[in-house]
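Below you'll find the structure, written out as structure tokens, and then a few comments.
The first chain written gets the first letter, and so on, giving A, B, C and D; residue counts start at 1 in each chain.
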Amino acid sequence: MNLILLSLGLLCLSGFAALVTSASPRWTSRLGSWGVILSCVIGLVPAVKVLGDGPAQFFKIPWGIPLGSFDIALDALSAFFLLPVFVLSALAALYGQTYMAAWAGKKPLGPVWLFFNLLVASMVVVTLSRNGILFLMAWEIMTLASFFLVTFEDERAGSRRAGWIYLVAAHIGTAFLLALFVMLSHGNPSLDFDRFNLPAMPEYVKGILLILAVIGFGTKAGFIPLHVWLPEAHPAAPSHVSSLMSGVMIKMGIYGLVRMVSYLGVLPVWWGWLLIGIGLSSGILGVLFALAQHDLKRLLAYHSVENIGIIALGLGVGYLGLAYQLPLVAVLGFAGGLLHVINHALFKGLLFFGAGAVAHVTGTREIDSLGGCLKRMPWTGVTFLIGAAAIAGLPPLNGFVSEFLIYFGAFRGASSDGSQALAMLAVIGGLALIGGLASACFAKAFGIIFLGEPRTDHARAAHEVPYGMRIPMALLAAGCVGVGLGAPLAVKILIQVLPVATGLSLPVIRGVFPEAVHPLNFIVLLSAVLIALAFFIFLLRHAMLTGRHVQKAGTWDCGYAKPGARMQYTASSFADPLTGFFGFFLRTRRHLDAPSGFFPKEAAFETKTPDIFMENLHRPAVEKIYAGLSKLRWFQHGRLQLYILYIVITLLALLVWKMR
Amino acid sequence: MQELTEIVMVFLILANLWLLASSRLMVCIRIVACQGIVISLLPFLINRHLLLTEFLAVAGVTAALKGFVFPWLLRRAMREAKVRREIETSVPYSVSVLIGILILAISLWISSRLPMPKPELTELIVPVSFFTILVGLFVIVSRVMALSQVLGYLVFENGIYAFGVALLLEQPLWVELGILLDVFVAVFVMGIMIFHISREFDNINTDQLSELADWNSPEKEGRR
Amino acid sequence: MILAACLIPFAAGLLAFFVPWDKPRRVLLILTALAHAGLVAAFWFILPEPRVGGWFELDTIGKYFLSITSLLFLAAACYGVAYLSGEDRGDRTDVEEGFIFQNAPEAVFTGCLLMFLATMTLVLISQHFGILWIAMEATTLVSAPLIYFHRHHRSIEATWKYLLICSVGIALALLGNLFLVIAGSIEGQKAVPLVLSELIGRHGELNVLWLKAAFLFLLVGYGTKMGLAPLHTWLPDAHSEAPSVVSALLSGALLNCALVGILRTHQVCAAAGLGEMSSELLRGFGLLSMFFAALFILRQPDFKRMLAYSSVEHMGIVALGIGLGGSAVFGGLFHAVNHSLTKAALFFIAGNIMAAYNTKSVSGVQGLLRMLPVSGILWIAGFLAITGSPPFGSFLSEFIILKSALDQGHYYAAVIYLVVLAAIFAGMAMIFLNMAQGVPAPEMKMSGARKESVMMVFPPAVFCVLVLLLGIYIPEFLRETLREAARLLGGLG
Amino acid sequence: MIAAWLNFLIVLFAAPFLLGIVNRTKAFFAGRRGPPLLQLYYDLAKLLRKSAVISRTTGFIFWLGPVAGLAAVFCAAMMVPFGNARALVAFNGDLILFAYLLGLMRFFTVIAALDTGSAFEGMGASREVQFAVLAEPALFLGLAALTLQTGHFSLSDIYASLTWETWGKAGPTLALIAAALLIVFLAENCRVPVDDPKTHLELTMIHEVMVLDHSGPDFAAILYSAALKFWILGMLIVRLAVPVTLGHPLPDGILFLSSMVVLAVLIGIIESVMARLRLTKVPQLLIVAIAFSILALILEMR
């Protein structure tokens, strides 16, 4: 615990040190980023220790505010969520050091590092805190710190808008959490988690609590339709921040959900159904929206919604397994969902780094303006490819492992008797659809950005990024491969986590765990075979072609006279069949200036896919309510006589009411 | 003595109604002044044994303020602001009188709901003071000119004084004096403000004093 | 001792009217503020003796609010001196409509400012309802010239409305006091004196019917001054037209004084068994005020008006907290200090913004963080504090109130409370962030070369830091005071 | 284990043969003699001996596509049972890995196509992913229906437990699953009515257009992977349709092989008698497959 506290202290200290040295961009970045890296390394030690069968650690001191106490504990669940926090934060700091150098001298970097470090620190506290006030404070600091990072480029109106939406959404989510914590500690003079007094709670109150939790935490996690802030905020932030936000910060919502629900004891059956419903809608709609995006970071942001949906599916399977007393299904669901948390941190962090690298050197995030970047930036390209394959859930990478566990849990659950089977089948179908769409989407993103010929001068200007940015990407890519190939080992860390998350006893978990993860051995075996085979075939091909005359020629142009880079298929056209097919959900807006006349000059075709929830739900609702309310503004019309009349009427009304 | 008190009460009621019916500003000021003098002498009508020097002093000061100083302040403001002699109202005078009678009914109802623990107060004094208070408020609400609002405030104040006159006697003197001082300063400051309003706007109609608002009426929109 | 707190500023105020030179007068202002603050600080160590038969006494509630007032005044004095020296002599151009106007004489301003402190102090130290009333009306009268410092038609309008609405309201409170006298009148005996301790001590002898009526009148009367909706109508006008330093005092100190008036009555009612009714009304007015404030904060085009409505909101929160009883009283009282400090800081910064941008309109201000970095940061910090974001103190106080509401089963109140708070957050976020972020218009950069003077950012900075500290740690003495005050108001400590 | 290896080797060798049968059937229906049955073997041998022409636009993804694709389909083939004989690798949940390996193969084919920068290949890739998106749920739900029916989670176990009695018990269910799998089979293998492997107009092609630029050994790898994929998906249908167990590996194997041949003939017939669907109609066909799978599931859950 001392190490964790040390790490926290160091985070804050280095943040303020960075702020103080704001005058020198170099020192600011150094202090800020190395502070994060060092404290993450320090923090990893106890986290890993606890996960590796170590005892949970506690620390509690009183705190001079009402209802609060500085009560923190490091148990397996906390440690599990701390793992990606520390790893990705350290890498993001390293990456950011180079990435932010572009702004040196143009903008003060001190605040950026301060907020970055505070963001990391607040996430650590969120996972550790065992007191409602402490949790909420850390939660809000997390929001605020990330808000300031999102609006780093506040000279852009888009950034400001994104920041506002993010802040408001997060705050509304927090309002639900406030209610949640208050109700959990009903009648208690303290908000310590261990004093939550729940057995006495009637069933309907439990239902209310679950709803509050799912809305409050779901807003942060990005469950549809609470996700609207996500596609705005992630693209606006600097890339290392996007990667941290998407990779771990939104997972704090998942953490909160799992942690709070773990205090509720036996859960109603509909809870699992609800999560599966949320998971399906978030997963499918998230990936569909991603497919329709032209902005790389926006695309990645929607993929975060998708992956949160997958995690929710896993948890939903788990909770249904608990509700129907199917421990194996529960373990599989939870294991898949939780492992996906780490996996998503790895590959989404990697992808945002890659996106940042591309945007950094080309100056654009428009997928359709890029092309051919793989040759110009091989490191970025290859790592991005690994990330893309991983997020698409392809073997032998990590994304497949977690999705496999969820699938397997759903298959298991589907073939057990009980009404949960229907939900499980929905999970199977949904996951298959999500998988196909994600794979399509990343084929598009990777293919259009990195392959082919550069479509614009932006893309032609691409060059490899410095080592400071390459190394984090390479490490994360290695992580994706490592978790994929070391899956049986990777899931072992879950043994300690699952009792906390599921409420099942450790022996029960130990009983079903081997059966649950047994297939992973085969998967890893086949993955190894796959890689070996690919390598073998490559050698074979190499052997065959050596000595033969391999001709270089232009791409087969089907008889066109002069194929150019601009004739290449674009991302929009690539995705068009799918977006067209799902047009009902996407409501893509098309704008066509058709060529006309015998010698047409300018023609333009444009598609734009705004968020349907934002466009058709949130914005109109807000406008309606506002329009209704603004009629009441007549009240303040400026006429003194009537103002005095208000006083008289109020007085008379009170007299009539109270003196009857 | 009962009869005398009741006569005074009837006078107050009539004065209020007259105030509502009158369109002449000077007349109104005089009515309010008379009302103030009568009310300041009210304690002696209610309780004869109070002819002590200190109470006499208070009553004297009150009468002087209400009967002479305030009217003088108002007239001065009128002169300096070059106010028109006619009162402008948003409610016609005839309707005002009708509403006045309605207010009288309401006052009687309210006072019937509030039994006085002190029987020595006459029956009429409570409803009459309520009536005066409400008439004062009605004048503030219905009259357009800033000056008549001050007038309304004075009537309102008179009503409260009439109500409290008997009760305040039990309270320490200088509380009463403090209250009087406040009222005096209030009227004084209001007078100054009226002067400034007239200088700024060329008249003292409060219609123009409705620019600070969070809602734009159609006519205001049209003006812009 | 206790009367000195009132008399010192009173005397200084009188003196200020007659000091013809600016410099000494400003020094006098600061010295008086310092003296007052020192005196009030001393009260924390040596509780002053009651005076005039218990008419003037510093109980815990009074001490708490007096300290807030004094602190605020000290900051306002520092800020005010810087502010006054920045005001041009002679003809000035209006920021909104471009006409020429002049300021009121500075002597009048300073004098009234000091008198304002004196009258507010009097409100807080008086235990006698009559004196309380006199002082309350006096605060209106001496602050009216302050609002009318910039002499033009808008400030006249604001002053006139302030004067008339508050006078009418407070006159109703006088009627309420009279009812209180009747309530204390007993056949054949001398009536119960209007002193708080007497009224509470002899609660059994009070006539409940008249007490009820008295409470209603006092609530409406002082509620007008406190800015409870729908009686708040003067508040946005006065706050937006007054100089920022005055707005800060009005919002941070004066509203509290009116609150104390209501609290005193509430104490009597609670003692006489009418606590249920008075609490219910306070809750109702609290929620209504929050709702009305939200209505006008959303897309408010004038940032000073927005701050004014925010005061309505926060007074609503405090009233709600008091009305909820239990531990919410603690929260409500604690919220009062958070609100006062934050709001004062915000008004100070609003003054800085107006000085640099020459406008009160939200759309006219952009890029504050770039134009006035310190003010910009404080503006954002103030925004977070005023909306109750952790780690600021207002988060704690609002949370305690929420918890109490839910613990006691006031579910509807809790829901309305949360919804309104969220709506206000959204509305304010839009306003504050649009102002703070972005790039200032190019011509601004040229003209707005005026530096932020230390005196004009130091007071708000201190307040922001204080509110932040209160969110992280409440010192034991303050907790004890709040508990004690909450107990006096029938809440849990 | 040895039998499993043997079966695996048979698959590896026999896979191209099936395409020969399809082509011969089609030729028969068209009244032609058609290419030799072993034509694909000849093609592969020829391609392997040739050198390659590679586009200047491309990079390593271009050759990684065929290589990884072949490796993936190899691995997938290891998990597919040979009739009722257990596969080389069988474990609970292998059907998930099986489907995802096919997905991996598709992913690499698609990005290899995009690597050329050709508008036509991009178009093919785009269509490919569109159909795959819909084929995947159909496949998964069909397999889920099979696991529900049999209670097993491994392809080998599922297919080993299928017997005529199962048909007797749940005939309609199995028929629906088979139909769904057949549609998936046609789509995944780019057969009529989804795609026409014999088309010569780039604009209308799907799979073939993606590999326009590949040549030599790379193209051989692609052709061979396609043949393997044809086999392994075909097996899912064949064993479902003919769940006969004779009791001895040898006759069982022979029966299975001949069933595969029958399937190839059947595909040939389908290709001969049906026209290719308009591209916009293809998704509807796949939706039908999903509907079949769901219907099968509903029947089971009754």
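The definition used in the following text is that a residue touches a chain if its C-beta (ideal position, glycine included) is under 8 Å from a C-beta of that chain, and two chains touch if they have at least 3 such contacts.
Not measured: the values here are computed from a predicted model.
Across the assembly, the mean Cα position most removed from that of chain A is the one of B. The chain pair with the larger count of C-beta pairs in contact, out of A-B and B-C, is B-C. For this pair, chain A with chain B, the centres built from the Cα atoms lie 69 Å apart.
The mean-CA centres of chain B and chain C are about 30 angstrom from one another, to the nearest whole unit. Rounded to whole angstrom, the centroid-to-centroid distance between chain A and chain C, based on C-alpha atoms, equals 44 Å.
Once the centre of each chain is set as its mean CA position, chain B and chain D turn out to be 99 Å apart. Shown for chain D are the residues in touch with two or more other chains, of which there are none.
Across the assembly, chain B contributes residues 114, 137, 140, 149, 206, 209-212, 214 that each touch 2 or more other chains. Among the residues of chain C, those touching two or more other chains are numbered 160-161, 164, 168, 209, 213, 236, 296. Contacting chain pairs in the structure are A-B, A-C, A-D, B-C. Contact residues of chain D toward chain A in the complex are 48, 50-59, 61, 63-64, 67-68, 70-72, 74-75, 78-79, 89, 91-94, 96-97, 99-101, 103-104, 106-107, 110-111, 113-123, 125-127, 129-130, 132-137, 139-141, 144, 147-148, 151, 153, 202, 212-213, 216-218, 221, 283, 290, 294, 297, 301. Note for the complex: chain C touches chain A at residues 160-161, 164-165, 168-169, 172, 209, 212-213, 216-217, 219-220, 224, 230-231, 233-234, 236, 277, 281, 292, 295-296, 298-299, 327, 330-331, 369, 384, 387, 389-391, 395-396, 399-400, 402-403, 406-407, 414, 418, 421-422, 425-426, 429-430, 433-434, 437-439, 471-476, 479. Across the complex, chain B is touched by residues 128, 130-131, 133-134, 137-138, 140-141, 144-145, 148, 151-154, 156-161, 163-164, 167-168, 171, 174-175, 178, 181-182, 185-187, 190-191, 193-194, 207, 209-210, 213, 236-237, 240-241, 296, 300, 305 of chain C. Listed in rising order, the residues of chain A touching chain B in the complex are 633-642, 644-645, 648, 655, 659.
Those residues of chain A lying in contact with chain C across their complex are 63-68, 133, 136-137, 139-141, 144, 151, 154-155, 157, 160, 163-164, 167-168, 171-172, 175, 178-179, 182-183, 185-187, 189, 626, 629-630, 632-633, 635-636, 640, 643-644, 646-647, 650-651, 654-655, 658-659.
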